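One structure is given here, and the rest of the page talks about it.
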Amino acid sequence: MISSVSKRLKKYSVSIIGASGYSGAELTRILLRHDNVELQELYAFSQVGNHVSDLYPALGCDKVYNQYSGETESDIYFLALPHGEALQLVPSLVQAGKIVIDLSGDFRLKNPDEHKEFYKQVKSPEAVMTYGMPELFRDDIISGKTISNPGCYASSIILGVAPLFPGTKNSINVQAINCTSTSGISGAGRSSKIELSFSEMSENVRAYKVGVHQHIPEIMQALGTSATNPSFDFMFTPMIGSLVRGIYSILNVQLESPVEEEQIMELYRNFYKHAPFIRIRDTMTEIKHVVHTNFCDIHIARVTGSGSLLIVTALDNLLKGAAGQAVQNMNIMLGLDERTGLL
Amino acid sequence: MISSVSKRLKKYSVSIIGASGYSGAELTRILLRHDNVELQELYAFSQVGNHVSDLYPALGCDKVYNQYSGETESDIYFLALPHGEALQLVPSLVQAGKIVIDLSGDFRLKNPDEHKEFYKQVKSPEAVMTYGMPELFRDDIISGKTISNPGCYASSIILGVAPLFPGTKNSINVQAINCTSTSGISGAGRSSKIELSFSEMSENVRAYKVGVHQHIPEIMQALGTSATNPSFDFMFTPMIGSLVRGIYSILNVQLESPVEEEQIMELYRNFYKHAPFIRIRDTMTEIKHVVHTNFCDIHIARVTGSGSLLIVTALDNLLKGAAGQAVQNMNIMLGLDERTGLL
Amino acid sequence: MISSVSKRLKKYSVSIIGASGYSGAELTRILLRHDNVELQELYAFSQVGNHVSDLYPALGCDKVYNQYSGETESDIYFLALPHGEALQLVPSLVQAGKIVIDLSGDFRLKNPDEHKEFYKQVKSPEAVMTYGMPELFRDDIISGKTISNPGCYASSIILGVAPLFPGTKNSINVQAINCTSTSGISGAGRSSKIELSFSEMSENVRAYKVGVHQHIPEIMQALGTSATNPSFDFMFTPMIGSLVRGIYSILNVQLESPVEEEQIMELYRNFYKHAPFIRIRDTMTEIKHVVHTNFCDIHIARVTGSGSLLIVTALDNLLKGAAGQAVQNMNIMLGLDERTGLL
Amino acid sequence: MISSVSKRLKKYSVSIIGASGYSGAELTRILLRHDNVELQELYAFSQVGNHVSDLYPALGCDKVYNQYSGETESDIYFLALPHGEALQLVPSLVQAGKIVIDLSGDFRLKNPDEHKEFYKQVKSPEAVMTYGMPELFRDDIISGKTISNPGCYASSIILGVAPLFPGTKNSINVQAINCTSTSGISGAGRSSKIELSFSEMSENVRAYKVGVHQHIPEIMQALGTSATNPSFDFMFTPMIGSLVRGIYSILNVQLESPVEEEQIMELYRNFYKHAPFIRIRDTMTEIKHVVHTNFCDIHIARVTGSGSLLIVTALDNLLKGAAGQAVQNMNIMLGLDERTGLL
């Protein structure tokens, strides 16, 4: 077993496959400064031979991007690849007994039909990993060896309503969730699409994939139900705005019957009492409060007499929504303080 | 009557009270170039004696801001003042027989109790003007002489759902509307608040006044119901983002029973068939599609089998949400093509 | 002669070749609203068959982009093509007796060697048109039939120092000009380059082509000298910043001997006394003062005892730096008030 | 002596006076995570009693801002106050034998006449501290106990040309330096000025204080000359752009006679060979390369045959231009690796 072996080592060796995208760059930044790991190889297909210092000078990293050819020398592999590519690479890493943390959507959905519908790709029912959201599935992560890291929108939405589904049970009768999320444009990756150019997106806002975004089945699954046969109505409208980083989610939850604000607050405080990166805020949160951090802020903005809750969440899509949460998962798997390298 | 008198004149004389704010500046820009009016006086309390060309050089206007002292020489008065101030000035203008178009919230609400609750101010039940939303209340505007110009959020929301309330009747059984709107920061006016500074708002998103914004009773009134005793659930979350102009509203409407997409599309197309500034768009709209125009774009993004509609609207908060709609109202009152000066 | 013929017509017919770029879109917007022209055809190679209303909904234009196949039906042709393409199309338009206004760099430089050095392209010495900067070369424009419209940086720099070169003579002994210009990103065109994406350029500033930008020989030529054998030292550093529109030029001019500030002011006021789009400003100008206008603002910020002048200019790169100046040129050629359609 | 005493301690106690501004917040962030110090008190006059977690939630700091009343319990005091305020507070801290690092301009200028001219304030000739620019004055810092931390523009300019002034001698005959710098708006501090609001500054650029900025005498002094009696011509144009952080300086240097590019490169490489935060870059630098880091990037963009150099520098105004450099100075004074807490 890796864990018993490597815990005796001073530092774990870590490599990143897909290191040249924005999530890969954040992983690089965090892991370079992480006391318990040694950043070994950076693999990046389109940037092979290029220096990190040319692509991301702010990282202060003097490594070179290499071609990944099936190496398995490191103890831990992070994969930050476009959807569909990790499916091919993961099996041999698993066979070699490596800790694998995959940031793509490839291994998130248990239901291959939903995967096919939302990712336009066929996969086997076995291609599923532990869903790496520590605040909900910590025990699974501790005992797991392969982690599928949650999506950025999914993280901001699941964390915002999870206390209403303790043990992923819809215990206080959620009838409907309507979610509108504004994402930073870095969520689209390091991209040359004309509709993501500065001239098109400065001072702009644009919704897309309304009701069909691939994070919908992931959210439903994490909340104990499914997109195919949901136990509550769910509508999700993702938007991109004139910002690089951050996700801001407005969650309107309709309960079957009214609850007191105090009861809701207690539910949230209890649910997250051992979660160092979740902050239940008494005042309105903003993107600015969380960017460049691994925090997810949650504010219960309104509890109405008709059983409607308005919850606002904010996180950094590249950190708590990607690289930060991935390292948090690694820390938990390695038995470290989960905040290591993330404060 | 002004209208019969002034229609014989070649050009109507127009003055703006509160000309130095952002809406006042847009009014100045439009009216300077409007073929049927002569821009006479610009009144601006905090900028008395200053040149327009120093405050807003882009307007290319060589006028000076003057103190308003009860003058009534112009045929038409636009008021673009902070809430509460028009209440004092309007009566003498009305008595002098002037056409008055007020851009504040002072004369919008018929129910003084709602006005008191949402504007923290007492007003008499008589302090109400014709609600100047041409697409819904054209006949009232034609026959009116004083116009209360709609709020910016209110415009973007009412126009997005009005076809579901023909004749302001909830004819297809709307059960709930949940609205999340992103506004440009100019909506807060020409302001020196620290939380609206560039350093605080660049790349930021912030919700505020969740469920308590003063446009809520205005919206409910325009849709034939009231905030006090609503005929459907209504939740509204306003946000400001990292942009100067524009309002982008995501409207999730829950109907009692499902309707066909085609039926909804027909409803919208019919409702707005004579509305030159409303565009029903087949593809997703964006802020960029409408800024610096008087258009309000509407896109029906999703009609689900469970009777849920997802509607997206976009407009320029300073134009269709303020100065543009105000001039559109003036055009209608004067019997001109409503597009005059607005294309 | 076109001019004598078409002046009897009510409206001139105008077409744009290369209408789908940012300058083409601004031309479309202006010409649609211009009282003396009828916008006929919009040609756009990569967008053939697409609707203007899909690409640029804010224009409110219901035309379709067509393929240009040598048509010569219009009276006037604007060309807004990537550098190098107009060289092929212009000869047949000239032969057909059309008024041609080209916004590219193809016909600006008289010296084919300089053209080759800076545009990496061979052209014949005959491929030169009247340089369309009305404030310097009005008489040539009046008598011309083909106009090469100035570059955006070039406009902001030439207009900022031209009064020091009356009749393009270096009359007060300019020894050196050092210019640093910040441009909006739209200056790079409607582009999908990764380095112009929102995620890369938001909150960024980047210099490029230091001392080798293709506008350098154009500037020198307009000031009566040449890049090859300059009569004064010239250094130019272009930058792009976190903005879509506008060019802001800081011009540090070193004179052989000191001059009085009053003398400089008089020189500038006199030089531009008949130029409706040039504003000599007593206070600092900003990009915000000129965007969405055809103005070029000039502020003499500092005159030192050692003969150093610090001049700041601001203009909209798509208007006074491209489409606006092009229409100004057309107006002058047609004998119209040069401000027509531009205020 | 503090240093001999406290070096035996595990951690130095540190307090910040003026902790609630942007530089104070960056100091808080860095010092909270610095292995060799214990952040003790945060003093902030306008925010007394407020929680850091409310003002700057991203810092993840649970301290409260207190009133400063002359306490001297900490080993080290950072002062990040508006100009003029440190002059009053520093003497008693010095008398108490504390290490003092002042980020204001109060103690930078040796010449009280220049201080009076540029800061509009009288100070005694004794009110001068060691100028804390490690790359130029490391030995003075090692032996010093009070440090005046350089200004942000000054840092970006001095570092860009210092290799031409080895030992602060103008050894290769610099005749003139013309500098244009673009700064992020955070440089103006946490401010509610209307001209720094988002609506005014988004997509804007504005120059100010041309040739009269208070960093001019600081730059001249650091380069071995003075603003009053300069040994070379110096012109400085500061600008703010549409960005929060960063300073980008374009430095045009005129030498008496031409030098080879290789000679210049060698000069720079040698000068900075022991400077871990200075990066001589072969390709163009950008603001994005340095924000959220303590790096100052320098690129020699052009060396002309006429002896003109074009140098571009980039740094983060709040880090290498303020808080980062301040901590770098502290590290050097304490005998630590100067990079501690800054990578």
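Each chain carries a letter (A, B, C and D) given by its place in the written order, and its residues are counted from 1.
Basically, a residue touches a chain if its C-beta (ideal position, glycine included) is under 8 Å from a C-beta of that chain, and two chains touch if they have at least 3 such contacts.
The structure displayed is predicted, hence computed values, not measured ones.
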- Message: Just to be sure I understand: going only through chains that touch, what's the smallest number of steps from chain B to chain C?
- Response: 1
- Message: What are the mutual neighbours of chain A and chain D in this structure?
- Response: B, C
- Query: Measuring from the mean C-alpha position of chain B to the mean C-alpha position of chain D, what distance in angstrom results?
  - Reply: 47
- Query: In whole angstrom, what separates the CA-based centres of chain C and chain D?
  - Reply: 40
- Task: Spell out, as numbers or ranges, the residues of chain B touching 2 or more other chains.
- Result: 184, 200, 202-203, 242-244, 288, 291
- Which residues of chain C touch chain D in their complex? 176, 178, 180, 182, 184, 200, 203-208, 210-211, 233, 235, 237, 239, 241-246, 248, 250, 252, 254, 284, 286-288, 291, 301-302, 304, 306, 308, 310, 312, 314
- Considering the complex alone, what residue numbers of chain D touch chain A? 33, 54, 57-58, 60, 202-203, 279, 281, 283, 285, 288-293, 295, 297, 343
- In the complex, go through chain D and note every residue touching chain B. 22, 184-186, 188, 190-194, 196-203, 242-244
